[in-house]
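These notes open a run of structures that come right after.
Shared chain: subunit A. Partners: subunit B in the first complex, subunit C in the second.
For the complex of A and B:
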């Protein structure tokens, strides 16, 4: 009985300590409590009680266990203050600790964990802007040839010579995916090129939002080259939003229309091989571009040319030859160089036992 | 002129605001993000309506083409049937809509997906043809990796370790290289769009 009395006294007099969780929107408080050393195994369970101020409403927020003397309450509001207490169950006895002093969660305006990322973003933006301003001054910038993009003219030309259409797939992802935006940028270039030769381009789309944008992109591209008459509302259409339904539709389209050229640009998943292999079996020239690392091998095997990862994003600049767009590619290369140097230096330091993560990991 | 300038201004303002929002955990910033998401959902739902019209128009036009009419007739009939049973009798568990989905669409999708096995075999054949040094290296590596994940491979002393090394070192290194490039490319593309340098999404 003495030890129960001791525990009651010790627990009852020790209110939990409450701390704000940093770098959040003021929606979490960390509650810590200390158990007397000899109480381990004697306390069966605990309930964490929360009193909301100024109303004074008491809620049970969680059931805690003795070996985890810490709890993060994520159900709080930064506009209110809170007090916490622990209700201990020791056999048939219930003991409640004192209420903690009031604590108010702080809503942070800056997430300090993201500062290194922010600095990197500013650095990268600065590098890009420097190159863009350099290009504005008229300095010519060299871009290494990319086989897949050099082949675009050849691919469009082939379709023109054969009198067959071009099929353009802007990926299967949503417009939130940057790869889809890159694919739509490339679509504008290819439509212009196809329009100059009066070659038909068919764009079946999987996502409704992407469909509305792709339609406008194609329409505007024809306007830009002064051939609005070439735009056929039926050439860009919504096929289906089912992944394999779309794959089946596009496969049938390529087989029936006997397209001379197929472009697969953007984000793809398991359907990539179905699409590209069907296209290859029809004898079409195929150019693919994706940032989906898992789908790249399938495209490399089945397509004549493949834009790997970042080449997809560089395509628009490369095809347009616009100095401002080209400059951004140069900036990107410089950033890559910087990352490579940092990786080598940090790897070397790591070999010598100095581990610096720059707070990024 | 305004038709092009207004979208560019909207993109610049929202692009900058949403970039800053990522670094601010405050509820004010989070509610701005939620508003943007709600707007996106609203726009997407309208886009669905437009997409359905596009689907019906596309297949209606193709009904006049003899080589496509059968397929388009099936697509339109299936669409109309699902609309009628969906709106008429609901889409919950046990309804005709749910039964059609589970017993027709799901097996059809699974069938298309399973075709991948055959496509993979033909793609693998093409990839592993020994045409040069690179193709030979690819063939050897693929052989080791495939062998390493089989039961027999596990009995050969060095094969599982070599497979593990191939996947964890050269394969992962090249993957990471691509991913770093992709990350930078994404930021670069986003920045070009926010600054209005890239305008091809507006048609050029």
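For the complex of A and C:
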């Protein structure tokens, strides 16, 4: 036992080593210390002490263990310097190491680990910009036909024939969700189609911001086809912010109005099945589109057509004929191609024992 | 059988049954419960937003602590109301643009890392595999990802070989959907069981689950 005390006393005098943690905002320091292998299990506990300079305030920052001689202190500030010491407890005896030399955390401007990711993003942005400029020059960009889209016109036609309204749900998410933006683009197209045949379209909205935009979208669509008289301020309205309150309201709306066509486009959560199942029970033709992977199965089983994931964005680009959106889809396609090629090549190389990560994979 | 004497349990039970009546058809009872639900939820949401968002994030720092920096978000927030004045309604686009800009800037690198890099990393075949089962698993994943990516490739028509590959892709998607459907339906059943337990146990006192 005396022997251990002796070693600890000798080592205890050795101050811990302190290093800056790279690639951070200057809020972390790594503290390292050393114990002889024989002391494992004999030191009861250890405390890491930190002295903040220039104040000299001493804090206990953590309890350490002998089997892990390292600690990252994330409670520091790059504007100050720090010194560290280890306090060992061996039975009734306490031994404190010398204080380390002052160390100051460095705030990094660039996280070097993310440079490959940055290059990938630059590459993607460049591809995107090339397509955007190409589209703006008026060159037509090809997008393959999407089955669900052809159903949109058919669904509007059916509502006209039956003399019943269309219910359009632009998802339950906020405007910052890409799916909501795509849903609003599709709403513009459907409103124009419905307006041409004077078919009523009802748009209950869950989010107040989406409500104001959806209202403008519908109004503008009627203006575009030269029928501003068709706009009824009551056809686009804020229902409720509550998820299931909204689901209850829309379910009842579909049953009461006996809508001929229901569109569910945008982001959905657990209410998706309630909405789509109620719509299906009323006999309406239903077209859905969402990028919510967990909700897609419900739409697939309850709707006549479903735009799966990215098809929703493609549909939005396809219908709006917006060069920016079409170019985005083309850019994404090229990125997918690039990823597929990278996956195949890196896998093939791995067969021959060459495992390349490119700093990313 | 010990029927509950708590009036709030009765309210909850009657409202639950009123909502269930929709299974038969739309009726005044359901209409009442629906309107009550929508109204209460909206009112409740408004109070929550006031106390959890507006008061601590704007009212307290700006009007009580006089932190003038908060005038900027206050100004942008107020612009949402410009929708009511047709002459200035274009100003509503400013906060939306700010929100979209910040949202995109924050989410794009994260999405790249999470949805592209990490998925690609997990899909690439890395030899050697410790056993045949792990290799087969990795190979299925590899083929699935490639075929699904081809399905979502919009620049080429789904004809010939590409059409066949994309059909394999849609089979993978449907298998995934099937698994997800079954899993979620089970979760929904547990919600129904929870409601029935409430009606039979807490309300009617017929059945109690320990």
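The criterion applied here is as follows: the second predicted complex is superposed on the first by the 336 of 361 C-alpha atoms of A that agree within 3 Å, B and C clash if a C-alpha of one lies under 4 Å from a C-alpha of the other, contacts with A are read in each partner's own complex, and residues count from 1 in each chain.
One rule holds for everything that comes next: a contact is a pair of C-beta atoms (placed from the backbone, for glycine too) under 8 Å apart; a residue touches a chain by one contact, two chains touch by 3 or more.
Since the model is a prediction, treat every value here as computed from it, not as a measurement.
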Would you check which partner chain A:298 touches, where first means subunit B only, second means subunit C only, and both and neither mean what they say?
both
Can A:242 be said to touch subunit B (first), subunit C (second), both, or neither?
both
Could you look at A:72 and tell me whether it touches subunit B, subunit C, both or neither (first, second, both, neither)?
neither
Considering only touches as defined above, state whether A:309 meets subunit B (first), subunit C (second), both or neither.
both
Determine, under the contact definition given at the top, whether A:336 touches first (subunit B), second (subunit C), both, or neither.
both
With the two complexes superposed on chain A, say which partner A:184 touches: subunit B (first), subunit C (second), both, or neither.
first
Does the superposition put A:328 against subunit B (first), subunit C (second), both, or neither?
first
Under the stated touch criterion, which partner chain does A:212 make contact with: subunit B (first), subunit C (second), both, or neither?
both
Between subunit B and subunit C, point out the one touching more subunit A residues.
B
Considering only touches as defined above, state whether A:122 meets subunit B (first), subunit C (second), both or neither.
neither
Do subunit B and subunit C land on any of the same subunit A residues, and which?
114, 117, 121, 124, 176, 208-209, 212-213, 216, 239-242, 244-245, 248, 252, 256, 273, 293, 296-298, 300-301, 308-310, 314, 329, 336, 339
Which part of subunit A faces subunit B closely enough to touch in the complex?
23-27, 78, 107-111, 114, 117-118, 121, 124-125, 128, 132, 176, 178, 181-182, 184-186, 188-189, 192, 205, 208-209, 211-213, 215-221, 223-224, 233-234, 237-245, 247-248, 252, 256, 270, 273-274, 277, 291, 293, 296-298, 300-302, 308-310, 312-314, 316, 320, 324-325, 328-329, 331-332, 335-336, 339
Quick one: in the complex, what on subunit C touches subunit A?
19, 22, 25-26, 30-31, 33-34, 37-42, 44-46, 80, 83, 89, 92, 96, 99-100, 103, 108-109, 112-113, 116-117, 120-121, 123-127, 142, 145-146, 149-150, 152-158, 173-174, 177-178, 180-181, 184, 188
For the subunit A and subunit C complex, residues of the former touching the latter
114, 117, 120-121, 124, 142-146, 175-176, 208-209, 212-213, 216, 239-242, 244-246, 248-249, 251-252, 255-256, 273, 293-294, 296-298, 300-301, 308-311, 314, 329-330, 333-334, 336-337, 339-340, 342-344, 346-347, 350-351, 353, 355, 360-361
In the complex, go through subunit B and note every residue touching subunit A.
19, 22-27, 29-30, 40, 43-44, 47-48, 50-52, 54-55, 57-58, 61, 67-68, 71, 105, 108-109, 112-113, 115-116, 119-120, 122-124, 126-127, 175, 178-182, 184-193, 195, 197-198, 200-204
